[in-house]
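My questions will all concern the structure given below.
Chain lettering (A, B, C and D) follows the sequence in which the chains are written, and residue indices restart at 1 in each chain.
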Amino acid sequence: MNQIQEKVQLIRSERLTADIFRLTLASQAIAASAAPGQFVMVRTGTAHDPLLRRPFSIYQTSSDGTFQIVFKVIGRGTTLLAHCREGEELSVLGPLGRGYRLEQKGQNILVGGGMGIAPMLFLAKRLLKKTALQEPPQVLLGARNKEELQPMLVDFQALGVRVLTATDDGSLGHHGLVTDRLRKLHPAPESMVYCCGPKPMMAAVAMICRERSLACQVSVETAMACGMGACLGCTIPLQDGSYGHACSDGPVFDAERILWTL
Amino acid sequence: MNQIQEKVQLIRSERLTADIFRLTLASQAIAASAAPGQFVMVRTGTAHDPLLRRPFSIYQTSSDGTFQIVFKVIGRGTTLLAHCREGEELSVLGPLGRGYRLEQKGQNILVGGGMGIAPMLFLAKRLLKKTALQEPPQVLLGARNKEELQPMLVDFQALGVRVLTATDDGSLGHHGLVTDRLRKLHPAPESMVYCCGPKPMMAAVAMICRERSLACQVSVETAMACGMGACLGCTIPLQDGSYGHACSDGPVFDAERILWTL
Amino acid sequence: MDFVTEKNMDHDLEVRIGSLVLRNPVLTASGTFGYAREFEQFVNLHRLGGVVVKGISLEPRPGNPPPRIVETSCGMLNAIGLENVGVERFIAEKMPYLNNLDVPVFVNILGDSVDEYQRLAARLAGIPGVSALEVNISCPNVKKGGAAFGSDPDMAAAVTRAVKQESDVPVIVKLSPNVTDVTVIARAVEAAGADGLSLINTLIGMAVDLRTRRPKLANVIGGLSGPAIKPVALRMVYQVARAVSVPVIGIGGIASAEDALEFILAGATAVQVGTANFVNPRASEEIVEGMAAYVHAQHLGSIRELIGALQISEGGS
Amino acid sequence: MDFVTEKNMDHDLEVRIGSLVLRNPVLTASGTFGYAREFEQFVNLHRLGGVVVKGISLEPRPGNPPPRIVETSCGMLNAIGLENVGVERFIAEKMPYLNNLDVPVFVNILGDSVDEYQRLAARLAGIPGVSALEVNISCPNVKKGGAAFGSDPDMAAAVTRAVKQESDVPVIVKLSPNVTDVTVIARAVEAAGADGLSLINTLIGMAVDLRTRRPKLANVIGGLSGPAIKPVALRMVYQVARAVSVPVIGIGGIASAEDALEFILAGATAVQVGTANFVNPRASEEIVEGMAAYVHAQHLGSIRELIGALQISEGGS
């Protein structure tokens, strides 16, 4: 692990939808060392309110020394972040956490829901680079509607991976859940499912994978104060009765280790 | 009193020196009803830190429905204010307090020191409008150096009033205190001295006026939470042993009422 | 807003404190709203649930020397020193205006001895426009070496009994948070006859000026208020609401309708808006509006359905 | 920074806690700095005055279910539930790394009974690298119905005596702010033999989620930390420093060198940096640097000149 804290310049701020933004940030160090599924902690204000940093998955890195995050405006922190202007500096801590374990054997199936789509692009790109792969990754993306899905979808399409989509309102792709689409796939037994999304979606994906004896990794979301294993605040209950810590043991866990409580 | 709270647009933000800014704000109501010596309370952030509004004298109003403040960057609130961009909205409460009582009889002498120069421009303009005045106001301005004095000085010079200056380092006008210049004037007995500046300067001006039996009004500065007489936080000790409240009894007081403690 | 809407709104928000019916649960906190008149240009005063005036003592008090206030992170310290005009001038100069308003007036009272509290209550009995007394027991008891009435259950109960004996209106006792177990004081005060409890008063704090190497307040220590203290206030309101059966009025860092609703979920029947009035003089009225909008949007029959409705699940959520 | 400068800097900042000499007054607060290793990429650990590790109990504890943390205005609530690996694994897995560091290690200990504290102290006696014990008495005493050790002077003294009896290093007792008069506990603990006092631990608070109508913490209540509590912490440090003669370590909302210096003026011999480590993992080292710069700029012979140097003037400033 090679974590750094630095002031990085906001190179570009793009408003993808009414409340989804993509920021391009300049950091040689983070761009060079980040792995798919890892995240950064970003300070969203300069005063003591809001106090804590906010975690965001790394959407993609670039060889020009920049990386991107994509986020949805939820509360105060993300509102401030949406108001940041190009040229401003942001304090960023990262890359943090354990990302996805990349598999070489069977098929790679990426399942992203809502803002859980964010870490999937970086993952898809890395998987594509693995020359040993028998076939390109299969990506399944779900969102509430076309408006939310489209802006990130185009980035996947540009990669040339196969993408299947689902929206709650049917405005793009399958009218229903992304898990419906997963159920219809029949991947080889050694395939790996990589998942990130709302908890109910991840629990459903984990269950489908267990039924079909597919390996599955999920990226969990919890409240976080430090992002680096110091506060012990980011607990995630595990099957063996113990607790994992999302920021340092995760955010990516083997799905079978998680105790799914809804 | 006709006080309002409103979101006003920042029309113009000018950096006059390294740490002195002039903001032009759009408010028909405040521009129309403000009197010299009154102030506004400005919210400098959007979150709870910094929590309280900051008080600033009204520098001048314009018939186009705007008014100006001039401020020096001191701490967190003024730093945030300096970073506000044109077009942004600021929450402003005002006009607040009791301003200067305008006299018609003798000569009018305006003494401003440091950021205490701010309320003097508006006052000079109003005094000039009083057709009954025998002679235009005499303005005495003091500051640390030319850099700090020049930007506001030009606004006075544009009015056509007589201005005498003093700087601590002699870089502009008299090398020394503005009170030196006041001592050399010999105004008629019915003259009025209007003063705003650091406490030691105002105490000295008050003493000079008492010696010469000149009437004197000073604008005091205290910590303020509400600016409207509700918190009782802005106490100023008076000669009679009681306390005045700077925001509602003042900020302008007859100098002889003040108990000068240094 | 037309008449019907306003009436409906008021109806949805009605709460009771003892025999007093409030048209909504939003009051203004003592010492932060002057004598109400200061806010008449910003707030439709008759839209509030009630107004609590600045603490009144038997004799006028000049208060503490300056500096009296200092900002802290998400809060402020004050050491006003209970400056007030005294009960006689209050009755003569402030009550006529307040009595003319169509809004319940809570008179916050304070004294240095049980006897002073009792005489204040007697003097205020029968004065038109006084709807309730709020007894500030955070002051030091000069007869007992300066320990605050609010930190000793017996002294707090004695003050309560003395005030109840003289008063012809509901008596609310305002609790100090600077105690080990606020429920002990709360129960003592309830047993002594209080019609309601309000909490919290300010936390005792201090600020230091590194430049001058002096305390930032002339009084050295002061009372901390504002959003910074909200978590402590919510916890104490929750604890007290479960410990007593009289209504609880929640106070501490309330700046929005959401804040106010959180206190109501935690068990408060009404709330008081304090420091927020300084930041936004319209805060109290905006909270009434936000609360009405919430009750409407959530299809609640009444705000009363929310009082203490916080769901506590065993072993985590 | 070259060697000479660094050496000078360290010399100017040296302070003592009991028999322990710290190269500077800046420690990290328990529970906010992991076992130090987590911060090695951000902080030159040997530049710190010391490191206080996460609270250790006899047996491992899993801690509370999630959610365990929530942000509040200028602060945060935590209900970690004292999750820790237990003293045996701590000694086996964490101490070797810590012992290799050139920095004093304060082991924060906690128990549910006097006996547990005593056994912890005994177990840690003689372990290489343990420089001091910090006794967390904010935990509930399970044998006495759950009231916190830290709120009863007799219980606090009993814990202190028991730990002192076994320990071969200085014993610091960490005080809870959730009491009526912190000086009463401070004096009791000093009389029982504590070599120093650290304060404050977190204020008890709560947060409510309006959307779910549930507490935001699974544990319902939690500990409030961060800049929000600084005024309360400063006040208590000031009071305790005047009430006892052992060194006081100031804690609460410290995020900058100025904050730290304010605590030292108020009477603290050293300080601990807590929540600020989460916001800025370099906070502790930056505070050391800022403090050195201040001592230099103010031409102080030593930081010790500032301890308790706050000037209090009678009747105002």
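Methods note: a contact is a pair of C-beta atoms (placed from the backbone, for glycine too) under 8 Å apart; a residue touches a chain by one contact, two chains touch by 3 or more.
Owing to the predicted nature of the structure, the values given are computational and were not obtained by experimental measurement.
Quick check on the contact graph: shortest path length from chain A to chain B, in steps?
When the steps are counted carefully, the minimum from chain A to chain B is 1.
Sort the other chains by how far their Cα centres are from that of chain C and give me the top one.
Relative to chain C, the chain whose C-alpha centre sits farthest away is A.
At what distance in angstrom does the C-alpha mean of chain C lie from that of chain B?
That pair's centroid distance is 36 Å.
Let me have the rounded angstrom distance from the C-alpha centre of chain A over to the C-alpha centre of chain C, please.
Each chain reduced to its C-alpha mean, chain A and chain C end up 47 Å apart.
Chain D: which residues touch two or more other chains?
Expected reply: 64-67, 73-75, 226-228.
Tell me, which residues of chain A touch at least two other chains?
Correct list: 48-50.
Is the chain-to-chain touch network here best called a line, a ring, a star, complete, or other?
If you draw each chain as a dot and join those that touch, every dot ends up joined to every other.
Per the contact definition, I'd like the list of chain C residues that touch chain D in the complex.
Answer in residue numbers: 64-67, 72-75, 77, 151, 178-181, 203-208, 210, 212-215, 218, 220-221, 224, 226-232, 234-235, 238, 253, 258, 261-262, 265-266, 309-313, 315-317.
Using the touch definition from the top, list the residues of chain A that touch chain B in their complex.
Interface residues on chain A, with respect to chain B: 45, 47-50, 76, 80.
Write out the stretch or stretches of chain B touching chain D in their complex.
The touching residues are 48-49.
Per the contact definition, I'd like the list of chain B residues that touch chain C in the complex.
By the definition above, chain B touches chain C via 1-5, 43, 48-53, 91, 93, 222-226, 228-237, 241-243.
Give the list of chain C residues in touch with chain A in this complex.
Chain C reaches chain A through residues 73-74, 227.
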